[in-house]
Amino acid sequence: MQPVATTFFFYFLSGLTLVSGVFVITRKNPVHSALALIFGLLAQAGLYLMLYAPFVAGVQIILYAGGIMVLFLFVIMLVNLERSRREEQFNNQWVIGLLAAVALGVLFVIVYVKGKALFPYRIAQPIENSNTQQIGVMLYGQYMFAFEIASLLLLVAIIGAVVMAKKRI
Amino acid sequence: MLDYITSYLSSNTTPGQAGNVFWAFVYIMIVFGGISVAVMAMNWLERKALAHFQIRLGPMRVGPHGLLQPIADAIKLMTKEDIIPAEADKFVFWIAPLIILCASFAVYIVVPFGPTHAITDLNIGILFMLGVSSLSVLGIVMAGWASNSHYPLIGALRSSAQMVSYEVAMGMAVVSAVLMTSLHGLGPYGVGVGTSGTGTLSMIGIVQAQQEQHVWFLFKFFPLGFIAFGIFAIAMVAETNRAPFDLPEAESELTAGFHTEYSGLRWSLFMLGEYAAMIAVSSIAVTLWLGGWYRPFPNALTGETWDLVFSLFPGLTFLGLAVIALVGVRRMPKHPYFRVQTIGLAGFGAVLAFIGLILFVPPVRDRIQDIFWFVAKVGGFMYLYIWYRATFPRYRFDQLMKVGWKVLLPIGIGVLILTAVLGVVL
Amino acid sequence: MISKLKGQYGSGICEANTYLGQDYMVVDPSIVSDLLQILRNREEFDYCVDITAAHYPEREKQFDVIWILYSFTKNERIRVKMMIADGESVPSAVPVWATANWLEREVYDMFGIRFDGHPDLKRILLPDGWKGHPLRKDYGIIQQDQEWVQANLGIESGQ
Amino acid sequence: MGAGEPGNRERPIIMTDRTTFDLKPIDPKPADEKYLSHLELGEPDKTFLDSNELVINMGPQHPATHGVLRVILKLDGEKVLGTECVIGYLHRGVEKIAENRTYTMFNPYVDRMDYVAAVSNGLGYCEAVEKLLNIEAPPRAKYIRVILTELNRMASHQLWLGTHALDIGAMTPLFYTFRDREEILKIFEKYCGARLTTHAFRIGGCQYETYEGFERDVIKFLDFVPPKIDEYEELLTTNRIWLERTKNVGVISRADAIALGVTGPVLRASGVKWDLRKAQPYAAYSDFDFEIPIGTNGDTYDRYTVRMEEMRQSLRIIRQAVEKIPEGPIMAKVPKVMKPPVGEIYHSIEAPKGELGYFIVSDGSTQPYRVRVRPPSFVNLQALDIMVRGALVADVIAVIGTLDIVLGEVDR
């Protein structure tokens, strides 16, 4: 599948990601924040597609946008937000936050300047057709141990959730 | 420019894969228009079929046999006063139906109506479909929350829990079908050659795998494919919030569930989204288990003659519909009051007959066959939806969860494991 | 049964009779509470069919309060009747029969008779803020609480 | 919950003066040990996930409340913590009207209470006044009364079945039952010219002789309807979803049912074999042979089977009545101006919904001094609270349907 108007879509999707990111932290209404977050995640999925990583893009949509964000919204709706909405959004840590942001920005600039040599400009080879297969091979081959550890952790989380919820049943 | 347009015609792939923006746009327009028309037709058919289940006549007034009813409804809904509740969150209230609509229509990007009749062929096609169709739950949740009213909120809570739960069972069934693309199988189910040992997630690839293995996945590893299909067929009804799983909009309990506060155009967008989603999930089922666009018995009844016989079906179907319409014309009351309706019905029959005749022309016949079989299979599912609605009472919420988590999910996992084991053993 | 009760309560049971084949007794307010308990427990009148009242404005004791009871085992009905004056209250039968709850609320709503010990005595058919008790004889048939109607329904008059 | 809770407005949206939702439960337990209820409702446990309790207003405009019933539900998620019924939206003061009309003039009014079973209402009233006047309707009139009343019971149960099934989500039975109910209404229409509020009977007998072909029509109906009842049962009785939705839903024990005074099919489904047609026969019911169907669990499914069987028993009664209907006058000798002697009377009949009683006080004038109607729906509705506590929202709908209330009768 040949991408069309690559540059336009790159800047469009990146811009969308950034703008939604800003909206996520500035909106007073948590549902609006969640909505912005969803748009951000979808834009990211688009970026993955442009990187010839359709499987990651699909998983991004199905897990983050379709699964986790639904649970976010679920919790937001169930918890009473009347009080938290009236509170100050930006608390006293904004100085630290600003410092962290500046530090991160400087880091990015340094990486961009110095890293030009490390990451030479070239067009990625489209390995799209075997992409999914390669991910599978990687996960169940090279990174088998890490994969299983992660799944074990998730299993613990599931059992913990069941135990906690069981009290109510 | 003209070359750019014509160059695609000689290729034998989808416009998306060929990278032809013009034809991709044309296909998108055709699919979008086609689905909208199909939703309207489905609206009429559902009311008519449901009415006949229930010894009623259904719409009879607007046009002959109520044929123009969907158009009248559409006009009514569009011209209705648009109400937004005073304390609603206006932005979210406004965007929720759009999310549902976009999610349901975006799915059609990868639906293969034929080997080249798809907008594009993503190599993660089925994953994309599941992912995008799962986005519609966001719209429902937002609609319920933004209405700022209790019934929609409960409807939204119900639907988010329901759709997330059934997605899991649905995923299991889908994975077992995807697994089958890479497995040969022996004996009566799954003879054939051609699989490289690597499966595919592409919608077109899945259908072609069924062709290569000479079996619909419905019958592969019998009864495993059948059970997986059954799980999907149940879960897809729950996913689309249709009876008997229509709890999010349970009329007798929650008035109208998440869209209680919606009216007019916005409400019609919900309906459009719902019906489009119904067609979309049916398309997934057809693609995964019923051989997609292939005609019945492409391997058993081969040869020129059979090809010809089956290629006549689209035309014959339309001619049959035309005959029904013309019989309807004869049975119309012979009273001046009904003259316009009679002429209308006769005209409708004539149009159907004309389409039928066009479909007999060889070049058209060959191009249209795939689409016809695909649509016919999807149509069967649409009828099932209506049938369920006429027959079943509604599940209660805890029972719904029980069915999803305690019945469908374990069976789904079992089928998945058995499929893998059988595929390796055989 | 009547004689047994009469022996127990003496003059508390003013009258015990049969009219058109239906038994009824008129009792004194002081013994009603006990009597209803005994009727249910000892005489097995386990089903309270109805509680109602009638208004006689010209009498000194203006209201008749009537309990209609039925026994499944004996297949018998009995009416217990009691007279009270306006403003007096009646012991509630809710502890005896749960069904008395709404029935007593209706009597209160329609006649303004209060029931002591009722868990939630408020109007049932008429709106909470309504003035007057319509089934009293001094409440005219076209009379309405105009004030309430104007305040809540936004119309001039309910007529 | 979100912005602005609908329940906390300055003025409620729904026209009523009640602004607070203070739910006081009906205590089903009488003080006495013997009548202790099996229902032990503990406090909902407070856990770390203490979500808000939700108070929703079901009705008075709601598709499943069968009229203008308003139920205030207190929910924890989907679980019902308590209910309060607000009734009276349809209150017309029937009892007050009765005090200002003569005995004859009041007769049509009773049809408007339980408008689904108008004939039963009329029968109860006419018999009560006849008793007060000490006259008796002639045998032929009594048979006609039985036939029409039982037909009306069929019609009422059919309407109940259709709407109850619709509440639970099955659309189709509604249309089937309405199709068959139509046949009954046609017979009514031919007999007295009205379909719903029939005013079929007069004090002292019947106004009209049966029309030509009445028996034939009734017999035709009797042959027509049993396969249709089988058809309803085919759709529902063994349907898995129907079973799951109705079994063990809205259970009311025998003791609770008696303590709460519920009557009719609701009581019989709890296992009390009691039917006024047998216990204290009125009209000509002592002449006929029929069974009283009872249930065992007192759940929604038992109430469903009891009513289905009652339909069949009604058919049996009608067939016997049509076969041995006697010839003779249809009207007793009734004075032109009715002035019953001073006295009181309570007469009750088995209406489709339960015991329908009339308590009439006469002061010797042409107008009743007091008429009290003992409405079965009103008393049965009281049982809603204990039947749905701890259940889910969907069960509330099922239970309202299974109680078979008619708001016209609840509110009078």
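Chains here go by letter, A, B, C and D, matching the order in which they are written, and residues are numbered from 1 within each.
The rule is simple: a residue touches a chain if its C-beta (ideal position, glycine included) is under 8 Å from a C-beta of that chain, and two chains touch if they have at least 3 such contacts.
Every value quoted in this text rests on a predicted model; they were computed, and no experiment measured them.
Relative to subunit D, the most remote chain by averaged C-alpha coordinates is A. Interface comparison, B-D versus C-D: the higher count of C-beta contacts falls to C-D. In whole angstrom, the spacing between the mean C-alpha positions of subunit B and subunit D is 45.
Taking each chain's centre as the mean of its C-alpha atoms, subunit A lies 60 Å from subunit D.
Here the spacing of subunit B and subunit C, counted between their Cα centres, is 64 Å.
Centre-to-centre separation between subunit C and subunit D, using Cα means, comes to 23 Å. Multi-chain contact residues, meaning those touching two or more other chains, occur in subunit B at positions 89, 145, 153, 157.
Multi-chain contact residues, meaning those touching two or more other chains, do not occur anywhere in subunit C.
Counting only residues that touch two or more partner chains, subunit D has 1-3.
For subunit D in complex with subunit C, the touching residues are 15-18, 24, 26-32, 34, 87-88, 91, 93, 95-97, 99-100, 131-132, 134, 256, 258-262, 272, 274, 279-280, 343-346, 348, 355, 357, 359, 361, 369-370, 372, 374, 378-379, 381-382, 411-412. Of all the residues in subunit D, the ones that touch subunit B in their complex are 1-4, 6, 54, 56-57, 62-64, 77-78, 165-172, 174-176, 179, 235-236, 239, 241-242, 244-245, 392-395, 397.
If you check the complex, the residues on subunit B that touch subunit A are 16-17, 19, 21, 89, 91-92, 95, 120, 122-124, 127-128, 130-132, 134-135, 137-138, 141-142, 144-146, 153, 156-157, 160-161, 163-164, 167, 198, 201.
Across the complex, subunit A meets subunit B through its residues 1-2, 4, 29, 31-32, 35, 38, 54-55, 57-59, 61-62, 65-67, 69-71, 73-74, 77-78, 128-129, 131-133. Those residues of subunit B that touch subunit D in the shared complex are 50, 53-56, 87, 89, 145, 148-151, 153-154, 157-158, 243-244, 246-247, 250-255, 389-399.
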